[in-house]
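In what follows, chain A forms one complex with chain B and a second complex with chain C.
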Partner chain A sequence: MQVKFIGIHLLITLTVIFLMAILLIILSTFFYLLYKRKRSKQRDDLQRLFYLLIGKVIFNETVISEKGENNKRIIIPRKFQKKLKKRYARQVMKTVILDSKNNLTDAYGENLKILYNQTGLKKDALRNLYFDSRWYLKADAIQELSRMQQADCLHHIYRYVNHKNRYVRMEAESAMINLWGFRGLRFLNFIAYPISEWQQIKLLRQLAHFKYEEFKGIEKWLRSSNDSVVIFALKLVRVYHRFELYDAVKEVLLHPCADVRKNCIITLRNIYREDTALLLIKNYDQEGRDCKLAILDAMSEAGTEDVIPFLMEEIEHGDDEYKLKAANAIMVVKRGEGLQLLKSQPFAGSFPWNEIIVQLKGEEAG
Partner chain B sequence: MRILVAEDEPILLKTIHLRLIKDGHEVINAADGKQAIQEINDKGPDLVITDIMMPFSSGLEVLNCAKQNIHKKIRVIMLTAMGQENMVIEAFKLGADDYVTKPFSPNELAMRVRRFELNNAVRP
Partner chain C sequence: MSWQTIVLNLLIYGFLAYSIVIISFYIFIGIYSVGETIKYMHKNSFVDYRLLAVSPEAPAFSVIAPAYNEGVTIIENVRSLLSIYYNELELIIVNDGSKDDTLHKLIEAYDLEKCALFVNVRIPVKPVRGVYKSRNPVFHKLIVVDKENGGKADALNAGLNMAAHELVVCIDVDCVLEQDALLKMAKPFLENPQINMIAVGGVVRVANSCKIENGRLVKVVLPESWIARFQVLEYMRAFLLGRMAWSRLNGLLLISGAFGAFKRQIAIACGGYSTKTVGEDMELVVRMRRFMEEKKEPYKVAYIPDPLCWTEVPTDMKILGRQRNRWTRGTIETLWRHKRLFFNRRYGLLGMLSYPYWFFFEFLAPLLEGFGFILIIIFALSGLINWIFFLSMLFFILSFEFLYSAFAILMEGLTYNQYPGGRDTVRLLFTAFIEPFVYHPLVVWFAVRGNIDLWRRQSGWGEMTRKGFQSTPKMF
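Let's look at the complex of A and B:
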């Protein structure tokens, strides 16, 4: 086998190229870090400067009222005005105002809102909302307007609850609630896209921060062609104990979507009447596993003596989960006699009943 | 009253500081938990107002330090954000006297401080 050696000239050329590449990498890293450092220093300087302005604004030192209390204006010194013409400075200012607004309410927060308007940050947000095609800038603009409590922008935000991007939709829905409380729920009237389970949790959590006020529209939402709207309406009924809507909720038991029916069963369990248990078992045989288990769960709340024969049938079901839920319901409905009734069954000594009975005994004692 | 305010948000720290000074209190600032603990040990404030989430040492550690002070009874007001209910429960278990949820009005906080001041005045 013949071994080929690289010529000395080629070796030198390769070494030079390699060294130059390394040098280039080191230099570009150096300049990049220099740029980052400069940016960071610039941001810190701007932050310090804006903290000064915001401090004065919060304490009304630069706020003047024109034609009454509702017409306030902030005197922004020229050096700040000059800085705020630059895009980067505006970004820093936006972050500082938003962070401060998150912490303060009352007149302090109101002054920040005036500053937000007067520095043109609100206009920037609206510009992004309308004219920028990037979805994340739209979502960010909606969130910003919502955090700054810009209630007068509701009519701008309203239309985005049906945006094709789900993150923009989610921000718009949240903003509706944040700016308008229970009245903001009216977006449910025309939303065409599904509301995710996570978003529903988020919206309910947001609503919990508002003082409850009677809201209209649930009957309409219960009849919506959007299944997620029906599910959310059912959650609203049970969270806010809207007992007067029992009949409207009852109708949803015949909904074609199993998930909606399951939620309907859970809601009826929360607002039950005397006849609820019998109503639920009427369609039991036609239901799928999830709904059947939800009905058995509901029996622990809404069950009456009339459903004992039905529950006795279910404890002989082949699936252990049915057995356990039916047994739990019997324990609740029969109160002190439930355990005795289960123990008297011929299968009581065999598996899994021996274990279920031990567990129920423990729960009863606990 | 000598009040220590521990808060990592500079604007909020300054706002609380100025609001309490307006009521005639002596206010000590701390920008993080570690500094707050140091100030408690050095200056022994009558009241500590502390954020729960702070760098280096959390508000709960600050609370713990204040409550373990053997020289005087230090009252503590916690500043919490929405969704920190579990932290509030934990803080009460550790002996917190009150809490305020962000966003809040500094005027409301000042009223709560005033209440502690009145209680202290009544007590011998």
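Let's look at the complex of A and C:
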């Protein structure tokens, strides 16, 4: 009976704890909902007010120049100054400035930069960057400085390119490009961590906003010990059609990482020369499936008559995906005669060739 | 002490110990999920998903949606799927031998023509009768595969054979996706260069009573139906707490069949969806994980907590019963097929934690609950019951059930806050309060019936009545 008593006692204690937790959670839920509603109203009021100020700032109504055009100052009415002493109001102001900056051309954005500095938001961002240990505040600060085009902060930002937190270094890399354009790519010289595919897409997208200028360093990046840097360099070569780097790219075909080699094949396909097709099939047998399929795809672009014997071997591959890709390449290389060549093969009437040929015929006609 | 007392005490304390262990697990899951949710929210605040939509370097997706007797809604459903905001996309609708006019309606509405297209059959499927593409360039993303009926898994496999892209998204054709759903699904596959992301699961939310216009969700409304509202709570607990925690542990065993993305090559290398189980979604994830563990390659199965996919849940007891019955059978079939994983160190966390958790707390829990209920009746009738102990135990369990639901409601409010009104919160809390008395016993009964049906070898999906966009996502 003593055992039972302990059981009951334990159960009652736990139930009371659960009931107290329930009460706390319900109160927290409603308190939070109320708080959110109040905050939302407060935010709307502040936004309305700040957009008014920003409208005036943009159209130079509250801007005065001191000692020349480069020394502009904004007259911030006292009621705004008073409000901006509060943390939440500063947060709203920051959002309003960033949103406005996004929607304005550089000429109008200049005044916003002045306002950003003058309200101390830049100092706040730098303080978060240096002294706050929370990664998301650091990353947020970098993004903010970058969006506000604070080029003078580049020396603060660049050291975060090798930060231990992935998101902080991603923002730092993006900021380098955003503030420095193609020159910002120099972070690739010393980056220690891998660059994710997502980040590579983002960086390429950011670069697309800049007027193209010849940038140096790709040869070095193609030899980087960081595989992701090599892959990114290969993407840069193909996106910016850097045909002159063909020889440097060619060497990457022997890279130990299969993913790098696959990207190299895709890049060579984009900047191909007459010898590319033969070069690609040189190490074909040693490659894995992904690279082999990439090579067969490349044959549709870079293939020449010289590779027809190789392609004829591949159409007899056990895997139908190889067959189809090789057949596609033959159709391109042989132009008009490809279908006849395939039809003349002894296996042409059997599955899957009967179906593949019908498809190719349809594609040729279409 | 008589033998009856010994047996009685063993049973009572066995149940008590089991309850404490399962509750401890749930507390762990609840707390552990918070960290992951906070991290995701912070992470998300820096991301501009639109860049994927315009980038030529973005990965391409093949979206596979099986359709069986969907004639009433198929045109709207396909229109909704075609409007997804993603450039590099092909939409493969697999007509799984529908007996109604599904195919005919598609041909007419989308100006389809049969085309000669070689299908590389890497997974054996029921014969494909034809592949259709639209003459209208506006619908160039659409491919319709017409095949003989072989069930959902067979249709998905036909889609996998047809898919041209490396990333595939398998969805229920009647789901309503958020416009940015694919942009968000793509990101985890591109994030970590050192780990192979093999699958990504998305949240499925309840669309009953929500306002939907032109295949798009316009306004979220808490369902009017009680049964649907109970399921809203279930989904909140499962997706916001359970899956978040399992994702953090990298121990997810289930990606909802209603909305999940996979690496095609790995799914095919594993043999695709199994046609021998009704729980093909869970079985594929377990098989893919097992495959990667055996290859000793680092991998991850991720999960996105953003509400991306909306589906109508059953509001009819009969249909709900069939659905839960099927989920139970699917779970047991998967666990049985992969019994080798059970506490097998070779499979790491998969064998030592994920599988045992599913065995003890997802498969066994309803059986033990059902058994306990019968025992209480027997003990009560024979006067053996200690009422103080029984009531303490009952209040203990009920208070925890309510606590867990209330916590899920709080987390929902703190994160996505889909039901922002105070009135909705009160309604949800009230639903959580009555759930253990009204809804939970039914769910336990359906699960027990699932076990019995499996024992009696009754298989199949059962008829699903469609009312707009009804669907059957799996949870837990």
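FYI, the second predicted complex is superposed on the first by the 327 of 366 C-alpha atoms of A that agree within 3 Å, B and C clash if a C-alpha of one lies under 4 Å from a C-alpha of the other, contacts with A are read in each partner's own complex, and residues count from 1 in each chain.
Everything that follows uses one rule, which is that a contact is a pair of C-beta atoms (placed from the backbone, for glycine too) under 8 Å apart; a residue touches a chain by one contact, two chains touch by 3 or more.
It should be emphasised that the depicted structure is a prediction, and the values quoted were computed from it without experimental measurement.
Asker: With the two structures laid over each other on chain A, which partner does A:A192 touch: chain B (first), chain C (second), both, or neither?
Answerer: neither
Asker: In the superposed arrangement, does A:Q143 touch chain B (first), chain C (second), both or neither?
Answerer: second
Asker: A:L254 in the overlay: touching chain B, chain C, both, or neither? Say first, second, both or neither.
Answerer: Neither partner.
Asker: Considering only the touch criterion stated at the top, classify A:V358 as touching first (chain B), second (chain C), both, or neither.
Answerer: second
Asker: Applying the touch criterion given at the start, work out whether A:A348 contacts chain B, chain C, both or neither, answering first, second, both or neither.
Answerer: Neither chain B nor chain C is touched by A:A348.
Asker: Among the partners chain B and chain C, which is in contact with a greater number of residues of chain A?
Answerer: Comparing touch counts on chain A for chain B and chain C gives C.
Asker: With both complexes superposed on chain A, which partner does A:E321 reach: first (chain B), second (chain C), both or neither?
Answerer: second
Asker: Quick one: is A:I22 in contact with chain B, with chain C, with both, or with neither? Answer first, second, both or neither.
Answerer: second
Asker: Where does A:L14 make contact in the superposed view: on chain B (first), on chain C (second), on both, or on neither?
Answerer: Touch status of A:L14: second partner only.
Asker: Who does A:I75 touch here: chain B (first), chain C (second), both, or neither?
Answerer: In the superposed model, A:I75 contacts neither chain B nor chain C.
Asker: Where on chain A do the contacts with chain B and the contacts with chain C coincide?
Answerer: 205
Asker: Quick one: in the complex, what on chain C touches chain A?
Answerer: Spelled out, the residues of chain C in touch with chain A are 9, 12-13, 16, 42-43, 45-46, 48, 51-52, 54-55, 57-58, 115-122, 187, 189-194, 386, 388-389, 392-393, 395-396, 399-400, 402-403, 406-407, 409-410, 413-414, 417, 420, 422, 425, 429.
Asker: Touching residues of chain A toward chain B in the complex: what are they?
Answerer: Within the complex, chain A contacts chain B at residues 51, 54-55, 58-59, 96, 99-106, 108-109, 205, 209.
Asker: Where on chain A is chain C touching in the complex?
Answerer: Within the complex, chain A touches chain C at residues 3-4, 7-8, 11-12, 14-15, 18-19, 21-22, 25-26, 28-30, 32-33, 36, 135-136, 139-140, 143, 167, 170-171, 194-198, 200-202, 204-205, 227-228, 235, 320-321, 324, 352, 355-356, 358-359, 361-362.
Asker: Could you list, by residue number, the parts of chain B that touch chain A in their complex?
Answerer: 9-12, 14-15, 18, 82-83, 102-108
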